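Shared between the two complexes below is subunit A, which pairs with subunit B and subunit C, respectively.
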Partner chain A sequence: MQRFVILSKKDLDAFISALAQSQKVVAPVARGHNNFSFAEVSSGKEITLKYIPTILPPKKYFLPTQEIITSYNKRENALNAILEYEKMVIFGVHTCDLAGIQCLNMVFADKPKDINYIIRKNKIAIIGLECNDYCDEYASCHVVGNHLPNGGYDLFFTDLGDVFIVHINTMLGDELVNKAAVFKSADAKMLKALESLRQMKHSIFKDEVNVKHQELKPLFDRSSNSKVWEDLNKRCVACGNCTNVCPTCYCFDIIDEPNLDLNTGVRYRRWDSCQNEPFAKVAGNENFRKERSQRQRHRYMRKFKYPVDKYSRYFCTGCGRCSRTCMAQIKLKETINDLAKETQ
Partner chain B sequence: MRKPKVAFFDFSSCEGCQLQVANFGEALLDILGLIDVVMFREAISEKSDDYDVAIIEGSITTSHDIERIKQIRATAKVLIAYGACATIGGINGMKNNFDLEDIKKYVYKDDAKYFESIPTHPLHQVVKVDYFVHGCPVYQPEFVKVLKCALAGLLYTVPDYAVCTECRFNENVCMYDKGITCMGPVTRAGCNSWCVNNGNICYGCRGMLSNPAQEGQMDILKKHNIALDWVQNKMNMYNKPRELDTEPPANNGHIG
Partner chain C sequence: MKRIELKESEYIVAPAKILEARMMTAQEKYFKIALEGGTSLDHEPGQFVMVSLLGIGEAPISISSSPTKRSYFELVVRNVGKVTNALHKMEAGDSLGIRGPFGRGFPVQILEGNDLLFVAGGLGVVPLRSLINFVIDNRRDFGKVHILLGCKKPADLLFANEIKEWGKRLDVNFNCTVDKADPDWKGNIGLITSLIPGVNLNPKRTFAVVVGPPIMYKFVLIEILKKEIPQKQIYVSLERHMKCGVGKCGHCQIAQYYCCKDGPVFSYDQIKGNLEAL
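Entry: the complex of A and B
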């Protein structure tokens, strides 16, 4: 049976403050100029509940931008695995970002398993937050099926005016609720209100592109040689913003760095991007994806084609970050529509 | 093991990058445990012609400079170009915007005839450079990285991707969102978006990406209504001597 509880909005501050007493709590915080980021908070007052997707998605807590993975000692010929993690609660994760975390979970649990990722993930509690309406015109969450919650959280908050109705999805979520002692049971009226909100969302959220969900993959299957990529070649400046802010891009580079004694040192991994000039460059100065058109195509294929072949799932979460952050104003919705128009 | 002997040299520069070394604070003690500084005008009086590693600040602006840098190159096992003036010509490169005789007269007036001057060159246009530490001034953590690589005999690859990458890692609000023009999208990273983290724009002091997207960049300028001259001036503030490159330096951000 599904379990729901109610949190009065005025008690949110008490809930967050109490949580922050015992562990790190991160939540969306306003940064000005309509930018937001997940950052540590100590009270509910610091949180912005109505926010558009943050600059970086919550993946930064699962896969840090830079992470030491081993230390070495040349003289002793030793290599030691290093894992740094922190117990934390992420509050206010939208459904697009919940989907992003689910995608990363699939990738990093696949063979070879990424132990650092998996252990870190198991220390993170996730509290979702429903979007009752679109964040802005860049989002395309409906066409990829992420405008409604599909699991991937411990608790899930939905704003019903004066209260949040909260879905308890895991034992960890249950513990958080019991410990806080500010939640009340949800009566039939509240459940009905949640149901009518979801009904209303059906009329608000529509496919954002001229291609249906199940047609996206076939569209990309036949778009390898599209002229649309040539257009992107002219516009893209390869700043790498699109992949860095993507909730499902996970490529990293591995770098060794000696300590000052030159005998010991560390190996760390750092986010990398297929948009960067040296990404596909190898010894001899050969570059397998020298053209920005090839790199942009690769990025799109990594969202709409390759992961569908491998994991039966779109890796575009519809969050709209890549379009929002693009220096050249390359918009995902436009690209999809252009591809569709061309191959009609 | 004998500590490697390190000497600092300055050519046309403000010596501010060397000052960054003096500014290290306690970390300097750890570095000094690793090297033997035999010449460093900013901090010690000693001089020596016997050194393994030459750290060079400043750009080449006279024919005497050419002779001197060749001499240093012949002595040093490892040569590190240190700071924007040495790696890309830097501020001194602005003189290349003008006729050499005109600019001499502008600076020295009637005494111009006593001064010999050549167009500004970064070091790699004159001698082989083993390591590059970009920036105006250099970013201290990167200098330490390069120094360690130089002493351990490892390659240091300067990132050949935009400052934007590190700026996103730091979750700065994009300057363009604030309505401010920033050189980040055309400038190579490695500084951890130091300036933007502190509320400033990127001035492009680390030099341009090896393959900046000209067409796309023009598009962006148009969209933001930014005059081309204005950006060209900004870019030339540090990057003018780039025109004199016959080929990009091999380890200036390229694998190979």
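Entry: the complex of A and C
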């Protein structure tokens, strides 16, 4: 049975403060003009409810930018596997980022399972927040089907003016609600309001590109040799911003870091980017993706083609971060439209 | 932030000891290695391990020995990067760490009973040797065996003594060529592709197994396809720089495949037409 409760907006502060008493709470906070990031908060006042996708997606809590995986002692020829984790609640996760976390879950649960990721993920409670309207022109959440919630949260907040209507999706979500004691039961009027909001969203959110959802994969299937990649080759500066900010990019490098005693140290994994020139290089300097066009094509294929074969879902969440952050103005919507135009 | 020790993790290494180490050519060093505690590596021909040197890092290295040798395994390493450089300074008695074996090796069960054409260029003989020696150790389970080797110059020839023995066997058709000869060289001169037309084989029951540097595949595959061996019966082993070995880090990705997990051995039929594969 679906369970909904109501939180008066003025009680959000009390809810967040209560949560922050017992564990770390992270939420979107403003960082200068039109920039936001997920950061630790101790009260609801610090949170920006109306925000465009944060600079980094919440993947930074699931797959930290840098993470110790083993520690070693050379003299004893010993190496121990390490997990670093933190119990926390993430508040205010948009539906695009919920989808991003679902993608990462699939990858890291794929055998052999990544124990570090799986334990860490189970220590994190997720509270989603609905987008009643587009964040900006870069978003393409409708065409990938992420403008509405598709699960992946413990609680889900929808703004109905003076109140939030909150969907309780898990036992953990139920516990968070009960502990705070500021929620009221939702009456039929509120449920009706949620329904009409969702109805209204149907007229607001439309396919953002000239390609339909189910046509995206076939488009990329036939775009291997497109001239569009040559265009990106001229513009891309191979900075790797697009992959860093992507909620579903998970590639990493593994690096040893000795301590000053030169005997002990750690081995950690650190975000890496397929856009970096040496990423696909092997011994003897052969580089399988030497050109920027190949690397950009690889990035797009990893969102719209390869994961569809493997996991039956698009790994683009429509958040628009890659387009927003690109110094060379490479825009995902534009690339898709260009590919579509060329192969019509 | 809490830090705990994990009992299970894909990043745990097995302690191992170097039993024997010697330079094989000017660039390649041979290592005979055993896991501590007498455990067998229990690999399939064509698989690879991650060699782990504490404080330096890890590198993916093909296993060169046949799994029929259970008490040790062999690696041949070219000195090309940080880890292999450090490895070259190591000698018998030194300790290192091993993760793996990883990946899908050569499909031994499928090859059984059939004729085999082995083509190795340069360092390609290192991984292919794991299969060649497996086949030789189980010789009657396979049909005709053709081995074609090629390298740049006689001094680059790996496992020279062992290769001489392959050449002497009555149950193996062996041929070898170098791009550039020296005065003592009595064999063929020319590219490996020049040896393929002369092989007398029945394409219906022959499986070709090709391993070599990236540049070699294109040309060798053309010659093998000319022999009318079906694409499903051609296997290649592809080189990529794996970092994790368990299908996550993305470095070895070839289209939808992770070379470390879905490969390094692929059938030509499976891999052809994929972006940036061959």
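By definition in this document, the second predicted complex is superposed on the first by the 344 of 344 C-alpha atoms of A that agree within 3 Å, B and C clash if a C-alpha of one lies under 4 Å from a C-alpha of the other, contacts with A are read in each partner's own complex, and residues count from 1 in each chain.
One rule holds for everything that comes next: contacts are C-beta pairs under 8 Å (C-beta built on N, C-alpha and C of every residue); 3 or more make two chains touch, one makes a residue touch a chain.
Given the structure is predicted, the values throughout are model-derived calculations rather than measurements.
Student: Return first, second, both or neither, reflecting whether A:301 touches subunit B, subunit C, both chains, or no partner chain.
Tutor: In the superposed model, A:301 contacts subunit C only, not subunit B.
Student: A:283 in the overlay: touching subunit B, subunit C, both, or neither? Say first, second, both or neither.
Tutor: both
Student: Mind working out whether A:101 is in touch with subunit B, subunit C, both or neither, as first, second, both or neither?
Tutor: Neither: A:101 stays clear of subunit B and subunit C.
Student: With the two structures laid over each other on chain A, which partner does A:69 touch: subunit B (first), subunit C (second), both, or neither?
Tutor: After superposing on A, A:69 lies in contact with subunit C but is clear of subunit B.
Student: Which partner does A:116 contact after superposing on A: first (subunit B), second (subunit C), both, neither?
Tutor: In the superposition, A:116 touches subunit C alone.
Student: Tell me which partner touches more residues of subunit A in the superposed arrangement, subunit B or subunit C.
Tutor: Result: the larger residue contact count on subunit A belongs to C.
Student: Looking at A:144 after the superposition, I want to know if it touches subunit B, subunit C, both of them or none. Which is it: first, second, both, neither?
Tutor: So A:144 meets neither subunit B nor subunit C here.
Student: If we overlay the two complexes on their shared chain A, which of subunit B and subunit C does A:41 touch? Say first, second, both or neither.
Tutor: A:41: touches no partner chain.
Student: Kindly classify A:79 by the partners it touches after superposition: subunit B alone (first), subunit C alone (second), both, or neither?
Tutor: second
Student: Could you look at A:235 and tell me whether it touches subunit B, subunit C, both or neither (first, second, both, neither)?
Tutor: first
Student: Touching subunit B and also subunit C: which subunit A residues?
Tutor: 256, 258, 262, 281-284
Student: Which bits of subunit B are touching subunit A when the two form their complex?
Tutor: My answer: residues 30-31, 33-34, 144-145, 148-149, 151-152, 154, 157, 159-162, 164-165, 168-169, 171-174, 176-178, 184-186, 209-213, 215-217, 219-220, 223, 253-256.
Student: Enumerate the contact residues on subunit A facing subunit C in the complex.
Tutor: 68-70, 72-74, 77, 79-86, 107-108, 110, 112, 114-116, 224, 250-256, 258, 262, 265, 267, 269, 272, 274, 279-284, 286, 288-289, 294, 297-298, 301-302, 305-306, 309-310
Student: Provide the residue numbers of subunit A that touch subunit B in the complex, in ascending order.
Tutor: Within the complex, subunit A contacts subunit B at residues 31-35, 37, 54-56, 65-66, 234-241, 244-245, 256-262, 271, 273, 276-278, 281-285, 292, 325, 327-329.
Student: Across the complex, what residues on subunit C touch subunit A?
Tutor: 1-13, 15, 52, 54-58, 78, 80-81, 84, 95, 97, 213-215, 239-241, 243-244, 246-251, 253-256, 275-276
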